[in-house]
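Consider the two complexes below, in which subunit A is the common component and subunit B and subunit C are the respective partners.
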Partner chain A sequence: MRMNGKNVFVIGTGLTKFGEFYDRDSTSLATEALNAAINDAKIDRSSIKSAYFGFMISNSSPHSAFSSKCLRECNVSIPFTRVEAGNASGAAAFHQAYISLASGIHDCVAVIGSEKLSDFVKNGTIEKILGSTIDYQWEYEIGATLTSLYAMITKAHMREFHTTMEQLASVPVKNHKNGKENPHAQFRREIPLDRFLSAKRISDPIGRFDLATHCDGSSALILVSEDYLERNNGIKNKIPILSSEHSSDVLTLHHRESLTEFKSTVTAAKKAFTKVGIEPTDIAVAEVHDSFPISEILAIEDLGFFEKGEGGKATEAGLTQLNSKISVNPSGGLKARGDPFGATGIAQIVEIVEQLRGRADKRQVSEVEYGLTHNIMGTGALAYVNIFGQEEMEQ
Partner chain B sequence: MEPPKIWREKRQRYLALGISCKKCGKRSFPLSEYCPYCGTNDVEEYRLAETGKILYFTNVSMASNEMAFNAPYCLGIIELNDGIKVTGQIIDCDYKDLKNGMEVKMVFRILARDGHEGLIKYGFKFTSI
Partner chain C sequence: MRMNGKNVFVIGTGLTKFGEFYDRDSTSLATEALNAAINDAKIDRSSIKSAYFGFMISNSSPHSAFSSKCLRECNVSIPFTRVEAGNASGAAAFHQAYISLASGIHDCVAVIGSEKLSDFVKNGTIEKILGSTIDYQWEYEIGATLTSLYAMITKAHMREFHTTMEQLASVPVKNHKNGKENPHAQFRREIPLDRFLSAKRISDPIGRFDLATHCDGSSALILVSEDYLERNNGIKNKIPILSSEHSSDVLTLHHRESLTEFKSTVTAAKKAFTKVGIEPTDIAVAEVHDSFPISEILAIEDLGFFEKGEGGKATEAGLTQLNSKISVNPSGGLKARGDPFGATGIAQIVEIVEQLRGRADKRQVSEVEYGLTHNIMGTGALAYVNIFGQEEMEQ
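Let's look at the complex of A and B:
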């Protein structure tokens, strides 16, 4: 008996531009992304058996039941499931879709990540929404915000490993440089290091420019299993999902032993690398969760790309730039592409798939064999790690 | 703010309650029906120690609506003298004067208010000794 189930592939990707779209609603964005994915996969839309929607709040009253409306507009009448895992909802929906294919229940499914955050303009609303990704009762209601918890994590990393403000700021500087070449990114301009350093502090040491912006956007994928490929010859540009793993940690920061390591990321990455039988050094390109500068530093350490404590130095030395030791966030990451929570995890996968297909244009990483995505909820209570390979690879 | 939730939680918020497990002897926070260490429900209420020291801290300038009246404020993770860790606001102080390891004591204060005429939520905060 095979423990890993059926082989699963990504055969289509779709992405809207990310940003503030006051003239468009959730349905419009999700429909654009799903239609783009179906057209990219070049399949008959009647072969899609089920859809998984990943979003955190977009079914709240201003966007009621957009999943259903999106499927109607895309002319697919199929069952659908909403998956919610805070700001990791996209990766969570992808993981559920993967399970449905690996188990053999379905052979072709759609995954849609979507979020419409620019409707929530009132001060403090986004802070409250993000409060549900941390301990609402004993962190948020006490006065903590997601940003303030990351501020304490940043200070802990600075204290423990002598990480500097310049090292931290080199994360968004690099991501904005990458985002400049991404037509889907919200911010397509470089921002110099001193702008990050001189910005007003929101929660010391996190400054106004350090946060990924909470914006609008949708992303979609068409996934198939080996069964589908056996029956349908000639499907091109299929990218194998070599592993899809997730892991958890205690929700509340004050319950953790260490603030400078996200156990969920470490565990999910270990499981993912073990399954594929490769080392972190085999990864050429990775899309990691850089909601704050410290998030990317923790991610590249916890995923095993760099030793614990070396993430800041490595970033400042340019080891995570495009076509260096490892290309981290070639899309611009959450920081420059923008962070519509549910759409983010799937947009990361879209980027890695395009990199593996060699279609990433000016942000193309040379000689990509393996690519990785990493999406987390809140302060790492949940982490999702996926590894993708080249078309011809055996799983 | 949700009145039933505030009412439901007021006792543990006002008294700063955790549990002490009669089986494994460990204490934990917050109040729960089962011991998170051994899984038994043979637990009793336990009042947290009222003094402790600051482990990590920051300041908050962008706060939720209900706490905006208070912003900017200082916030930290406090290790109480009984070994239990909690998150709490640190008040009556300047951010620049805070230090890791600084000794603090628990005080009872307004946490959040729903406008001028709405509900007021109380709970613990910390002040330097």
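Let's look at the complex of A and C:
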């Protein structure tokens, strides 16, 4: 099942702090992340032949032109491509960058994810922006929001599998505990279970503290192909991308057979595991899409880490905590690290790469052989799954 | 200089009429174009494994979600990727689709370009939208528009190379003459030279009739790799993509060395010609970016069809007319066919493929061996150049 392409590696990672930065623009954030990734890769910036940008909101720093400004600030003069997949834009850009290296067209590319959402949160337009990741015509414009759709999905899961409010709340409790140890996270504090349970309901059963926050931040990666490594000896800390897959589902919830399984995640995960030739049980650490508590529960079920319907129980039992059965969202996830859409999918990869490199400090998972990232658009019309391995691993 | 990738072919083309369609939405237009391309390719729609969408404006039919709706209408359930590069979004999506086939990840993909701009023209926001293809901060927000920057570029060319108003006007005169024979064109009528010369100036020396119109329309292609052709005998009318290149320049005009040469076009063209191993004189027909009269003059110079500074004289002398030295914009170009940003880059490819297939009716160029397309963003921060050959051509 190996693709007829080149092997691809991550050799550099860069990340800004995530949070509210009213005094900085997108260019400044993206420039910081890209420069950090270039420095981490320890390569000459003239080696980079192409750049892929993932961001969703083009209004604040318009369209592709923003990519151009970021590259100029970083003193790299190369062609660039912007990929957009709503709140999964980062993973989408990474996937295209991966393909461009696998094709042999380039041997060294940069991937930059960036978003500045605080202004849209403040002016109250963020829910409308998120509305564009669901069916605008048949869902958003007639009153449904991303949050209310996830409320429906949560209720369906509670009904079908007897998932409890306590099980749901144990997702963000864990992620805040993890986020406390992540210097890049927006929220570095624990929130006790009862705060989640007693919080005001936004869209029942989703409470005020259940949502990942839409914030500002940028992330970047330097990727190279085997051709580059052959020509440049001694590149250290390179992490192989063993598979990068995406899949889709119909956009509109009422067209789907199930509310409690995201087919796009299931399909992308199957393709990814088949390509690598491993099982979900081989994954030691995963960064999954936890925009709502139910999102992480669906993810760990649909990715095959737990049986369908068992995600809530498993989380409550602590099986997804750091250094348990599988460490899920050691970074704090979208919930505690924060969710600047385009930056999120790439920040997930940064975390997994640092885990595989053994550089995750207090968040370090022991004995990591394989790591996985999972990023989706809206209610799963698109899902991206990537699997990474250890440096010495043969592909 | 051959890339280590699979050979890629266009096997199907689809195009809506371009114009003002207030009674249709983006999904309807894109669906018509994609269905037409699938029918033209004569393949089962289940063969298509991935779709690339190129569009710039996400407000009218929000973001990636629109792609999902178009695919559902066409009854194809596949992963999709949206690529945005301002008014060059169509060419950008095509380039990524090409790379995905060259990589061997897929063997059959669809490319869809689509835009609905009439509403933005009517409500007066189109110039602001175009402002996002130039430097928003240092150009648009302090008073420059895409049109006024092109006015500066036109004046610089007039000063440096004694290019005349008559030479400039001979570009749209030719393109309207060509567009008359294109059933998909927005404007199917000739406009005499004096109408251009006597028109009210919008931004001197650019007159009222000099701008390509921003309209509605969709275009689509079905692309396959050699793997697909090996498994499916008898696919007819396949046109090889001999090279697909893109290049960039700094965004801001005041950072550039020259106002009268677009470095991105020069670089992309050189890469494309080198890869194919041919000279600009080998190209019989080209679709180039003629958003303003000076755009086509710069293009035919920067692509190497004429010496720098000779573009105006060559056009006035008729050397770019149908079946002259080189047939430039036989479709009518952005000027007469109309310019729905994302749809434009792919419509250019549709025209060149139909020319190479010998199916361009009254616009048919005789003895076409090689054809070229050229699409740029804004004032050339990005340029895309593709070269196509004849069916039997060995790659």
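FYI, the second predicted complex is superposed on the first by the 380 of 395 C-alpha atoms of A that agree within 3 Å, B and C clash if a C-alpha of one lies under 4 Å from a C-alpha of the other, contacts with A are read in each partner's own complex, and residues count from 1 in each chain.
One rule holds for everything that comes next: a residue touches a chain if its C-beta (ideal position, glycine included) is under 8 Å from a C-beta of that chain, and two chains touch if they have at least 3 such contacts.
A quick note: this is a predicted structure, and the numbers were derived from the prediction, not measured.
Could you tell me whether subunit B and subunit C fit or clash when both sit on subunit A in the superposition?
They fit side by side.
Report for A:Glu127: first if it touches subunit B alone, second if subunit C alone, otherwise both or neither.
The first partner, subunit B, only.
What is the angle, as a multiple of 10 degrees, that the CA centres of subunit B and subunit C span when seen from the CA centre of subunit A?
70
Comparing subunit B against subunit C, which has contacts with more of the residues in subunit A?
C
If you stack the two complexes on chain A, which partner ends up touching A:Met56: first (subunit B), second (subunit C), both, or neither?
After superposing on A, A:Met56 lies in contact with subunit C but is clear of subunit B.
Which of the two partners, first being subunit B and second being subunit C, lies in contact with A:Ser100: first, second, both, or neither?
In the superposition, A:Ser100 contacts subunit C only.
Could you say whether A:Ala151 touches subunit B, subunit C, both of them, or neither, answering first, second, both or neither?
In the superposition, A:Ala151 contacts subunit B only.
Of the partners subunit B and subunit C, which touch A:Arg195 in the superposed model: first, second, both, neither?
Touch status of A:Arg195: no partner.
Taking the superposition as given, does A:Lys275 touch the first partner, subunit B, the second, subunit C, both, or neither?
neither
Return first, second, both or neither, reflecting whether A:Arg24 touches subunit B, subunit C, both chains, or no partner chain.
After superposing on A, A:Arg24 lies clear of both subunit B and subunit C.
Once chain A of both complexes is superposed, is A:Glu141 in touch with subunit B (first), subunit C (second), both, or neither?
first
Going by the contact rule set out at the top, does A:Lys177 touch subunit B (first), subunit C (second), both, or neither?
neither
Quick one: smallest Cα-Cα gap between subunit B and subunit C in the superposed arrangement, Å?
5
Using the superposition on chain A as set up above, list the residues of subunit A that contact both subunit B and subunit C.
Of subunit A, residues 131, 135, 137, 255 contact subunit B in one complex and subunit C in the other.
For subunit A, which residues are in contact with subunit B within the complex?
122-125, 127-128, 131, 135, 137-145, 147-148, 151-152, 155-156, 159, 201-206, 252-255, 259
Looking at the complex, which residues from subunit C come into contact with subunit A?
3-6, 56, 58, 61-65, 68-69, 71-72, 77-86, 92, 95-96, 99-100, 102-105, 131-137, 246-248, 250-251, 255, 377-378, 381-382
Per the contact definition, I'd like the list of subunit B residues that touch subunit A in the complex.
Touch list, subunit B to subunit A: 9, 29-30, 56-68, 70, 73, 75-77, 85-89, 95, 100, 111-112, 121, 123.
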